[in-house]
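Both complexes shown next keep chain A, but they swap its partner, so chain B is in the first and chain C is in the second.
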Partner chain A sequence: MKSTSVADSTKTASTQFLERVEEQSGQKVRICYQCGKCSAGCPVGYAMDLLPNQVMRLVQLGLKDEVLSCATIWLCASCETCATRCPREIEIVKVMDVLRQKSRREGYPSPAREVPVFVSAFINNLKRFGRLYEAGLVGVYNLLSGHITKDMDKAPAMLLKRKIALMPPRVKGMGKVRKIMKNIEEMRQQ
Partner chain B sequence: MKFAFYPGCSLESSAKEYKESTLLAAESLGLELEEIPDWICCGSTPAHMSDELLGIALPAYSLLLAKQMDTDGVLVTCASCYSRLKAANHAILNDGTMKKKVAEALGEEYDGGVPVRHMLELTSDAIAQPGFDEKITRKLSGLKVASYYGCLLVRPPEITGFDDPEDPQSLDRLVAALGAEPVDWRYKVECCGAALAFSQVDIVRKLSGEILQDAKDTEADVVIVACPLCHSNLDLRQRNIEKYLGIDLEVPVLYFTQLLGLAFGYSAAELGLGKHEINPVPVLRKRGINI
Partner chain C sequence: MARIGVFICWCGSNIASTVDVKAVAEAAADFPGVAHSVEYKYMCSDPGQTLIRQAIKEKQLTGLVVAACSPRMHEPTFRRAALESGMNPYLVEMANIREHCSWVHEDRAEATTKALETVRMLVEKVRRNTPLEEIRVPVTKRALVIGGGVAGIQAGLDIISAGIPVTVVERTPSIGGHMSQLDETFPTLDCSQCILTPKMVELSQSPLTTIYTYSEIEEVTGYVGNFKVKIRQKAKTVDHVKCTGCGICVEKCPAKVPSEFECGLADRKAIYVPFPQAIPNKPVIDRPNCIYFAKGKCGVCKKICPAEAIDYDVEDTIVEEEVGAIVVATGYDLIDRALYGEYGYGKIADVVDGLQFERMLSASGPTGGKLIKPSTGETPKTVVFVQCVGSRDDSKGIPYCSRICCMYTAKHAMLFKHKVKDGKAYIFYIDVRAGGKGYEEFVKRAVDEDRVVYLRGRVSRIFEKNGTVFVKGSDTISGQQVEIRADLVVLATAVAASDGARQLAQKLRIGFDQHGFLTEAHPKLRPVETNTPGVYLAGTCQAPKDIPDTVSQASAAASKVLGLLSSDELVREPLVAHVSESVCISCFACEDTCPYGAIERVEWKDPETGLTTEIARVNPGICEGCGACIPVCRPKAVDLRGFSEEQIYSEINALSDMFKVKR
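Coming up: the complex of A and B.
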């Protein structure tokens, strides 16, 4: 934990949240003027609890709990349509990334919990094999998410067409890869 | 030209036919490919979602391996790998702090300078060269093709720097160069939902279903793609989408390298056309293509 500086303590928690998000994402969230173009073009907007422009507004207002517990940050598919069209040139996906990371690290419950479960399973798979072991990933994800038989209907056809690699990938230098991933975890905690 | 080939994870399993057809097409185009030994996963969307540095350092690791090879750059075939490899170069070139962090994580400095090219970019260069037409040995005329670009091949433009983000043309131009007919449709850059492929399947079914329905409404015979994740959603999941949405689609989805390979005279078996969920052979034959 970083100690709170004198300057920080004079700011409200809301302002601090906005400033942290801006600093970590490298994006000036405060220049968003709520035109709504991001939400108009968002392919997943129909399934979100907050539209992307509403997420930006909540960040501006520093409404941390609302924004870190919404489904939207997990349903965002990182398709980059919003960022491409934003007239203020805000890289919205980078803001979403920071919000997802904060939500996870600060233990907020996720209304779309399958997404963070999948993300963790994916990263652990990488740590183990260096490359994605698809069969292993599907198995672990299904177990952890509770959808045991999901996608299993595709397995027979894929096996028949030799589209599933049954054996995990073998990559030389995994010791180094794991060390790098460990370094990154340690650097994050500093 | 010689390239360090970064196949990416999908090409080793669910998209084997993309790898096979890329290698054949590259050979015909006179591109020499050498696979990067012991490349690792680019981290795709999950890496940048969980940690910015992880999302940059993973691709930087493979780019450093490629740097040791004597080539003209890295060749990728997956839109997600392409995006992540280019994002790593972009961040390292433009953000000094990130460059230092990556060096600390990797224990080695990377300058962000290894060029990253998508197979579609190199193909686009090739069709503009004299002599390209002479390579075409099989006529594809009469085949209506909907070119699907998806997201990360063209977005965000400051990372990929390739084609127009709203109305890209490179695949369409390729289709025309091969003598087939590009169709004008609305969903060429809409998202298939790849990042949510495992975790939010209903969303993926809706997004991918709409893309396929539009291709069908436009009377395209086939859709072509330049990404294994798009292909997996549009083809492998298509029966499931039909059931979920209660619609009939039956839209074959080919990798653009398979279409290229067809024009260059390779057989259906060599190009792995039998590996698709929706068999493209009947419609190809119906259009008088000799396979």
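Coming up: the complex of A and C.
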């Protein structure tokens, strides 16, 4: 079994990690009593490397490297089934959000590689067009993720039903959108 | 002219190491009214007390200040010493220079000053103390037990064993409570009926017992030793004196409703005896469900009754009883099914609660002790037990542990395996709490001998798909999601306060917590007493507990009752409020404020004007001396004996004088 020294690190970096995650998510991760109800009902649980209750436990113990490099935080679908049923009323989704942000910002590689690729493609798409340009997103995502032909067969039907458009949407006030994006960037710097 | 004696105790080094006791004794000698001031190593010891007793006589002291520990510790000691020397004990006060001073301070000079200030305040108070006499109230030697479950039965039996008569009031048509619904009980697996019914019979057959079933408490007035209780006897519609209990009426009654005793797994008639071993074993008519009362037609029971015991015209009656003490044993209910939508509780037929499972296990139950899937009647092969359904769940508003579920679930799984040898039993748990005599061994037996599989995790959802029940849970130890196809699911639903417990508590003027459980006077040292003297608690009305603990608490409550009722008179501290008749303006704000109901309205004739008015009077038998009435009294007509406004103000003035000197 893998051994991790919890006792050595609890006093310093690890408690700071727990406190930061709690502060940023607004959730009391420390009161999780590991009942496992989140894991029991998680619809994506089958694909996760760590179950949600295990993620909570690692945060409690401050095992930052383990938690920020797991696939679970990227596979979480934010469906909120766990939050709805948690007997300690912890909104796990918010904790997952914070963990994803930390993982990205601190440069941890994601085992679920496609997810961060998709997230980047999505944000860049918004920056560029102000509104989602689906065809562009699919194209960029397929190129960067390596699944070049993924879902191509569905494109004609979706085009016909006008679920996606060939041309990018036109948005009034692109200047304002850029300003929003710039503000976000500045907030992040702080 | 006051001649106060001041006695400073060292308490070994407890006080003397932080407070300069000699300096305090010397300074106190100069306080106005002080005639004698000394210090001694152990004032509470025999030589210390002798010092006090001699000084009272030799120095003709008129009051004492003993500066030592908390009055909770030794006030009775020093008051007794004073009494032995012929001094009224209420002329003795204690200055707490230990808990309030030496133990909580480090700086010797400051602690000494504080001790001096404390002594000075108490000297000023004692100068204004008046001799007081203890209050004596007569005692009614009869006890009331509210609730006829195992707690009420045990308390009742213990009280009558001492020759004190007891009145038992039970809301349902029979005594017996939840325990009569159980099959076998942990950790010994003895049959619940076999150990309970003899107790029911013993209680009901004693000439010292009066049992009111189908009755509720209407009103409680009076005070410790002298309660007056109004009991509402709901109309049974069947005259239990005439009724022979032949049961023909029950047989012929056409109206069927789900049986409460069988937890809805079987029907009962509108005229019914809740279960075969019921006491009294005579029926009542459940009027809202009776065809005659709903439509005015039917009357089959009346026509057929050979004893002519049925009378549709009887109404509720109110009985009055006088009792000296009250034991509250109102028991528990299970939580509302609607709280657990995700478990299909109340929707999926094959999801039952623990009490329903008990009825299925019971040989006298609706299935005759045969385990079935309620949906099909087949024998269940895979049974999933889910613990902590509601309990330990803040999101459902129940943060507490229900305490009994770990054990009864182990028992359920065990009994299932005894009945269905090739069956599989799974228990979802969070923690197994088996802290009791023989409990851990019992759980081990379930795993070892009966091959029960424990899965560590809470269940997320229970749902039905094409007639199959699925339980979606997890096992956090192996880190896996678990899905089980279950034939039957048993939910260990949380224990909740009994319906109506809050209202009863208000009638009795006792406390209850946010969940409706009744509050004991002290969680450790006074666990069966309430804050209202003469009212005691037994069983699950106080908090969830199992049968051994319930019975222990019931016996403890009975011993408290017997202690109270063993004397002919009750002696109470005279530190109670009193109303100055000529000042009272009859606003009765005190009456609304008093938490004990000690304020009475009395006619009073003003000796000067000759006019008669209704004014407030404090019943010293009820008053607890809390002082809540004093600030609400607009004309300042109420004052507290032993803690008068004059005494309190003189203490504050003494303290402010000392502050002035310091500056």
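Following the convention adopted for this analysis, the second predicted complex is superposed on the first by the 174 of 190 C-alpha atoms of A that agree within 3 Å, B and C clash if a C-alpha of one lies under 4 Å from a C-alpha of the other, contacts with A are read in each partner's own complex, and residues count from 1 in each chain.
As a working rule, a contact is a pair of C-beta atoms (placed from the backbone, for glycine too) under 8 Å apart; a residue touches a chain by one contact, two chains touch by 3 or more.
Computed from a prediction, not measured in an experiment: that's the story for all the values here.
With chain A as the common reference, chain B sits beside chain C without any clash.
By the touch criterion defined above, A:M181 reaches chain B but does not reach chain C.
In the superposed model, A:E134 makes contact with chain B only, not with chain C. Ranked by how many residues of chain A each touches, chain B and chain C are led by B.
By the touch criterion defined above, A:F118 lies against chain B but remains apart from chain C after alignment on the C-alpha atoms of chain A. Once the two complexes are overlaid on the shared chain, A:N53 sits against chain C while remaining clear of chain B. In the superposed model, A:T81 lies in contact with both chain B and chain C.
Using the contact criterion defined above for the overlaid structures, shared-chain residue A:S103 touches neither chain B nor chain C, since it reaches no partner.
Within the superposed three-chain model, A:S39 lies in touch with chain C and out of touch with chain B [touch as defined at top].
Between chain B and chain C in the chain A overlay, the least Cα distance found is 6 Å. Annotation: chain A residues 81 touch chain B in one complex and chain C in the other. On the side of chain C, the complex with chain A involves touching residues 342, 388, 392-396, 430, 456-461, 472-476, 479-482. Residues of chain A that touch chain B in their complex: 24, 26, 43-44, 47, 75, 77-81, 83-84, 91, 94, 97-98, 100-101, 104, 112, 114-115, 117-120, 122-123, 126, 130-132, 134-135, 137-138, 141, 145, 150-151, 153-154, 157-158, 161-165, 169, 171-173, 177, 179-181, 183-184, 187-188. Across the complex, chain C is touched by residues 33-42, 45-46, 50-51, 53-54, 81, 85-89 of chain A. Put simply, chain B touches chain A in their complex at residues 9-10, 12-16, 37-41, 43-54, 57-58, 61, 95, 101, 104-107, 151-152, 155-157, 165-166, 189-191, 193-196, 198-201, 203, 207, 236-237, 240, 274-275, 277.
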